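First chain written, first letter: the chains are A, B, C and D, and each begins at residue 1.
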Amino acid sequence: MQEIYEQNIEIDKLREECGVFGIYDFDGNDVASTIYYGLFALQHRGQESCGIAVSDTRGPKGQVQSYKGMGLVQEVFTEGGLSGMKGDIGVGHVRYSTAGASTRENAQPLVLNYIKGTLALAHNGNLINAPELREELSYGGAIFQTTIDSEVIAYHIARERVTAATAEEAVAGAMKKLKGAYSLVVMSPRKLMGARDPYGFKPLCIGKRDNAYILVSESCALDTIGAEFVRDVLPGEIVTITGDGIHSDTRMCIPKEKQARCIFEYIYFARPDSCIDGVNVYQSRIMAGRFLAMDSPVEADLVVGVPESGNAAALGYSLQSGVPYGTAFVKNGYVGRTFIKPKQSSRESSVRVKLNVLKDAVKDKRIIMIDDSIVRGTTSDRIVSMLKEAGAAEVHVRVSSPPFLWPCYFGTDVPAREQLIAYERTVEEVREMIGADSLGYLKLERLEEMADGLPICKGCFTGKYPMEPPKEDIRGSYEK
Amino acid sequence: MQEIYEQNIEIDKLREECGVFGIYDFDGNDVASTIYYGLFALQHRGQESCGIAVSDTRGPKGQVQSYKGMGLVQEVFTEGGLSGMKGDIGVGHVRYSTAGASTRENAQPLVLNYIKGTLALAHNGNLINAPELREELSYGGAIFQTTIDSEVIAYHIARERVTAATAEEAVAGAMKKLKGAYSLVVMSPRKLMGARDPYGFKPLCIGKRDNAYILVSESCALDTIGAEFVRDVLPGEIVTITGDGIHSDTRMCIPKEKQARCIFEYIYFARPDSCIDGVNVYQSRIMAGRFLAMDSPVEADLVVGVPESGNAAALGYSLQSGVPYGTAFVKNGYVGRTFIKPKQSSRESSVRVKLNVLKDAVKDKRIIMIDDSIVRGTTSDRIVSMLKEAGAAEVHVRVSSPPFLWPCYFGTDVPAREQLIAYERTVEEVREMIGADSLGYLKLERLEEMADGLPICKGCFTGKYPMEPPKEDIRGSYEK
Amino acid sequence: MQEIYEQNIEIDKLREECGVFGIYDFDGNDVASTIYYGLFALQHRGQESCGIAVSDTRGPKGQVQSYKGMGLVQEVFTEGGLSGMKGDIGVGHVRYSTAGASTRENAQPLVLNYIKGTLALAHNGNLINAPELREELSYGGAIFQTTIDSEVIAYHIARERVTAATAEEAVAGAMKKLKGAYSLVVMSPRKLMGARDPYGFKPLCIGKRDNAYILVSESCALDTIGAEFVRDVLPGEIVTITGDGIHSDTRMCIPKEKQARCIFEYIYFARPDSCIDGVNVYQSRIMAGRFLAMDSPVEADLVVGVPESGNAAALGYSLQSGVPYGTAFVKNGYVGRTFIKPKQSSRESSVRVKLNVLKDAVKDKRIIMIDDSIVRGTTSDRIVSMLKEAGAAEVHVRVSSPPFLWPCYFGTDVPAREQLIAYERTVEEVREMIGADSLGYLKLERLEEMADGLPICKGCFTGKYPMEPPKEDIRGSYEK
Amino acid sequence: MQEIYEQNIEIDKLREECGVFGIYDFDGNDVASTIYYGLFALQHRGQESCGIAVSDTRGPKGQVQSYKGMGLVQEVFTEGGLSGMKGDIGVGHVRYSTAGASTRENAQPLVLNYIKGTLALAHNGNLINAPELREELSYGGAIFQTTIDSEVIAYHIARERVTAATAEEAVAGAMKKLKGAYSLVVMSPRKLMGARDPYGFKPLCIGKRDNAYILVSESCALDTIGAEFVRDVLPGEIVTITGDGIHSDTRMCIPKEKQARCIFEYIYFARPDSCIDGVNVYQSRIMAGRFLAMDSPVEADLVVGVPESGNAAALGYSLQSGVPYGTAFVKNGYVGRTFIKPKQSSRESSVRVKLNVLKDAVKDKRIIMIDDSIVRGTTSDRIVSMLKEAGAAEVHVRVSSPPFLWPCYFGTDVPAREQLIAYERTVEEVREMIGADSLGYLKLERLEEMADGLPICKGCFTGKYPMEPPKEDIRGSYEK
């Protein structure tokens, strides 16, 4: 019965919470397999559960086929199952969540019947006023079958739809009530809609392939399915795709300088081959590496990245500094989510199973090791040790993000503050803890430069958020 | 992905739609494994999906653990999974449904958050006004994630709870709106409630084991778990079990003569070792057999039952008539729900795979064959042929229910009228179709006698229902 | 990984060890699905593992497709899998075994390459000289990958084939070395062979459907697949089915009076709708019941069988004695091999989960309860108690076999002698242990009568075996 | 039933056939979980099936527990299953094979009973005289239950053991008959043995952790389990590990210059963090890149590797040439063996799903793209196109191995000659086919340099093999 998903072997990382995908094919082709490929390209955004819902816009109104399950896209879906899903419009979702709510019930897309037939909804982000909204709805007699924000959003759309002239008006009405981060894809019987919160925390973009329009979290998925990138959905914009084309509603947009993109999309979450709001993710990581070389230079023989995410910044550092770029680690390519860990002796640590050092490459060398972030510091500690045991003369750690100090309320899973290595510690103290010879973080003021001037959310570094944070930590609080 | 459940090999039978189980152990013992055993004893009431939800009445309010899945109780639950479900109060459900809605989403119990925390609900029966109630709720902005009536019931309880003083008052308020058949078990954080519709279509009774109270569809499950039968829940009664004992609310009860129990519980659905509303199921089947012997006598050498459900009536016939009782069929004990049927030659019919004739036992004999009902007649036809091929001299068919002619709106899955063999056919025509030498049905007026005088619903035989049936066939209609 | 199969809830029974099936269709039709149906009809002979191997006699010599797995036939095989198995000749097997060797490696049919291509072999029975034969082969450099006798048989066939002119001569040569019980079905690229040990311990018969010949353990499977019974394979006979017809080799046959059929096939193992060596199994059970009524009469109100296997003898008892036949027990039809038993309270005993008493049927009655055998007596004890708790005035137990006292070396799984309730106890002592008011066993001298005069093996009742038993208990001994 | 494993999405690669692991812990600790970690580190050597067998050297002689299954190590084994495997000595295996024999029956280790108890055997490599040996054994009456060479080897060990004084003598005796490539790990009840064919085709080395000795295909697995590298097993050596220590038998060794290591272990198969026969795999790839820069220089802006295996050579090229190293591709980290490919439009090619180009990184650049080998050329073609579509000004392909032209008989799965792109084509013709602006292969004479002077097998490049190849292609030939 209960599907148990073992903890990922890669424990000391922040977690993205979701990826969304929507498509409407005006030529009437079945879209399920394209959604499958799209979700596969978004798999890095969520490995816990996934789902697809499709509908036939030419069939009886509101007939939706959906399938959701725990696990990776290729574990949940089968060829036969996909070919049985008929429909020219559909949405998909990949999800990661905190442990408590990692259940099949919470998998998305959320498919429901409401006043106008059916609705399927996929959501990336976190509402900060979800508890209040839930409570308010409860007092009106609402029932909740999941603990996901998407259900709160769906309720608001359904309530607005009672009086709203169109589905997109209902979405617009609902958005007025929602506070926080949300990139949404919504499918009604004859329309595909996308919406992004006014701050633009999470990405969402539009693609096109022949006569099909796509809405997707990251542009890399467009490449995978052979579609062209059209444009990003604007922060605050609602786009509605129907047989008549794309309609844009920008009434909820706010001044650009108030926007607050999540910088971790650039630092770590997004795939390097994605481009978000005009900024190439790979180039932004190269830039971060260059800044580290400018701001925290050190004499060394070799600069290496902690795979995979540290490699781009390491290359940037090398290009800027002239220190040769190299490889120090081999990652076991079979480490997956479901890696079981039978009783280990102290010799078979999680890190060793995942990473090994190329001893000949590091022996007697002064190494600059680039990682994208240090959260608890547990992994950094062991990786530095491994390099030293392999004979590295010096290990200089450079981190392509500033020290991580505060909670995130907008969709990133962060440990409690006391568990953050940088919490109430100086950089020197952190350096000592992880056993590095020197330690340098990306400077806070480099973040906008890294994102080519886009306004960003720095809450997790500064504790100053683009909107008033909730009084108490709301994450999971309504999972009573 | 999509779990496919092959059609039962036993195709020409009516289908019960559910079984419910609830328990509250005042000694604080975990109840999940007892629910498991209880559901196992109710398995005949639904083999498509099942589920268990438990809660700890001494823990934080509203923490519910639940697990649901497609398949038999012993397929869905594992020992480890059950032992991980901690709680002294819980509900369980087994389900059968029509094909369209046979999905995991529709499995019960329904677990939800509402104004006062959590609610878990298990339901047996069918509401006839569910579509209207859904529509009404939709106009108030409600969203529906399943296509089961239980969600409609839950919504009404939640709405009533906004103003009602207690959960049981909310249940009472909701019941005023519900029309049709329902036996409910409802768990709130500190209470276990049971309710039965005023007509008493479906059974529900109360049991006790040490300091634990049980609510369950059939008394046979009480024997399995070693509990004592306390009493039946009255039609229209709401019982509330708390730390203070059992409270009864009979305000919704109607005069006994207006009640309308489903006679098929006695004829076929219930287990013979159950006792419903004071009437022993096995004895009622013996009685039906006796009535057939009285009303449709025939000279013969042997009276046999079509296994399993025809055996008791065959014994009754034998006792009344003096014709020796015997066995004519061997049933393959491994025929289960998931029997796959690879391309068959005409020689490997479904009936042959399931049943075989004891040739030596029937050769040259005049046989009276008792079946509990004839629906489409397809199976009867083949069984009569098998007896004749095995050398039976004559085959006289006796059916322990009247001819089946009308739809059921209250929870039994019936084929379309045109598929019913008795539809627009005389008994003589049916006899000819199934190839019997004579055919006799139970007389309509014997039904009350069979149920020891209890008022019963005869809708499926007469087309006269205890309440106004819906204009159009509502079964599945909101599964747009 | 390791598939764990929970112990059957029905614990106090002897175990059959296997069922075999072979078919050769001269019209060239694929036989896999027919084997599937045939094995399904033999499922009662083994529920632990099963397998099918097929070959195309018109294809390249020796291409065999096989599939084996742990579990029931319908659990192991899928429709798609079966339709992918192409071939007009094939063999199948169902297996039960003692716990130690219940592994996938030991599942049959055994498929192997040998000097003349491929061989597939399915075996029912137990060799008593397997350890010696294994040792002897080892000294010649043989390797063993299983712990089943079939591998020893296969080796001998392979060795004989080096010099033998034909495959059937190789089988004949091998049989000279084998001691014990074996009913074999062997498939070579162009031939289907069947063989039965000279004593005829285990059944094997021949059937025909259109242009296909079938070899199968029990005739009931012929009914299931719509084939006609042709004849039994003689004890000691080898039959060879080729395109030229059936060839019989009776050189190994011994005088009929030396034969030694296993009487438990008639008492309990075989399906009642099978006919073995001319004796109808159902009728032999009816006879056993009649003998009990003659030899151990008692005044009573009702005679009942312990389901399912006690019912026929109960009917026989009733017919002979005039005491009315009735039903006292309801068996939960969903009890299967994989029933899990989460921690039970004393109230949820295995027997209660499986059987319930029809209280109204037994209350204040004097009951004669017929069971087919008493092994350890643990179940009998509880069933008698259940009847008494339900109000039975008296419970008289009659057993349709003699007291079970000695081990079986020929393919039946028997507990250690000390665990047998009849071991070193008088009938009166046994009666007291199980709490019955009287107890009667079938008389030893009735066994031949029951089998219509066929010579039988009485080893398990008398300790006198048709051949010298091995010095030490060999069962499982080579599973070092 | 039949487990279907979809073809790997990475199709244009050679395939390694196996990895082996053995361990004997003199402190008596259970070794199953260590084998699990070891196999996980060898997963790249075989992803089709895997298995573990363990034994307790202090228990009854010959009790072996084994478990094998289709799939990755982490798919086949569970925590509970591993903890149930008790034993201080054990062997493990990971396997890749050609499609026809990809069955559970062929999974290793092979566990068998023979004259002296049990034997478990894991094998990497391919015998070229297996068909003759099988035939010879058949004529002696042998039976074969698998189609793997290991069974032939086991038979020879078993036959030798009839007269040999010790197990290691039996292994030595068997080796005299075997021709071809084999690295073996063999477990008898009280000994762990390792052997490598005299040519040293496949690697095998010895490690140590506390009081446990390990035999393993690659040293990287020693790092994973925290063991120290002791030394390589010599080509032709048999090592025997008992309670008395390690014994070496070098009687089968041949002069070093006759040895013939498989160069593809260095080029592609082995993990870069392994060291084989004193040569560091990563360094040998760096060297290959340097040689390419020396021998096939070209003016360019960026040198990139085709991930993962081309990266090291790309770095070597960059170091030698001064052309900056960069990243051009992003590989989807979730591409695994079981990736299903629902009907694709032409837009969703396998390559696109797996790889994406970093457009900004390659735009307008002259690119040197390093790949480790070109087999059919299908993938190269598409990757070059992708770079060009992304705006690369020029694409110069450099291959870190010579043109692949001949079959391999020693354990590498190679397509038919006609499918090899270099077959009967000039380098210029190949260049044109894959659309590159220039193409350079590693020179044949660089191979020894790359392997630091070790004698290597160049058969697949030259058609000249270290021993007479079989007349006809034997791969799979006995899978009749």
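Definition applied: contacts are C-beta pairs under 8 Å (C-beta built on N, C-alpha and C of every residue); 3 or more make two chains touch, one makes a residue touch a chain.
The model shown is predicted, which means the values in this text are computed figures rather than measured ones.
A.B. asks: Fewest touch steps from chain A to chain C?
C.D. replies: Minimum step count, chain A to chain C: 2.
A.B. asks: Chains touching chain C and chain D alike, please list them.
C.D. replies: Correct list: empty, since no chain touches both.
A.B. asks: Weigh A-B against B-C on C-beta contact pairs and write down the one with more.
C.D. replies: B-C
A.B. asks: Distance-wise, how many Å sit between the C-alpha centres of chain B and chain D, to the nearest whole number?
C.D. replies: 59
A.B. asks: From the mean C-alpha coordinate of chain B to that of chain C, what's the distance rounded to whole Å?
C.D. replies: 36
A.B. asks: So what's the Cα centroid distance for chain A and chain B, whole Å?
C.D. replies: 47
A.B. asks: Listing for chain A: what residues touch at least two other chains?
C.D. replies: 77-78, 82, in rising order.
A.B. asks: Chain contact topology under the given definition, line, ring, star, complete or other?
C.D. replies: Contact pattern: a closed ring, each chain touching exactly two others.
A.B. asks: Show me, using the given definition of touch, all chain pairs that touch one another.
C.D. replies: Applying the touch criterion to every chain pair yields A-B, A-D, B-C, C-D.
A.B. asks: Could you list, by residue number, the parts of chain B that touch chain C in their complex?
C.D. replies: 32-34, 36-37, 40-41, 43-44, 47, 72-75, 77-79, 82-83, 209, 220, 223-227, 271-273, 280, 282-283, 308, 311-312, 315, 319, 324-327, 330, 332-334, 336, 338-349, 352-353, 356-361
A.B. asks: Please name which positions on chain A make contact with chain B in the complex.
C.D. replies: Residues 1-2, 60-63, 67, 69, 76-78, 81-82, 84, 104-105, 110-115, 117-119, 134, 138-145, 147, 151, 154-155, 158-162, 478, 480 of chain A touch chain B in their complex.
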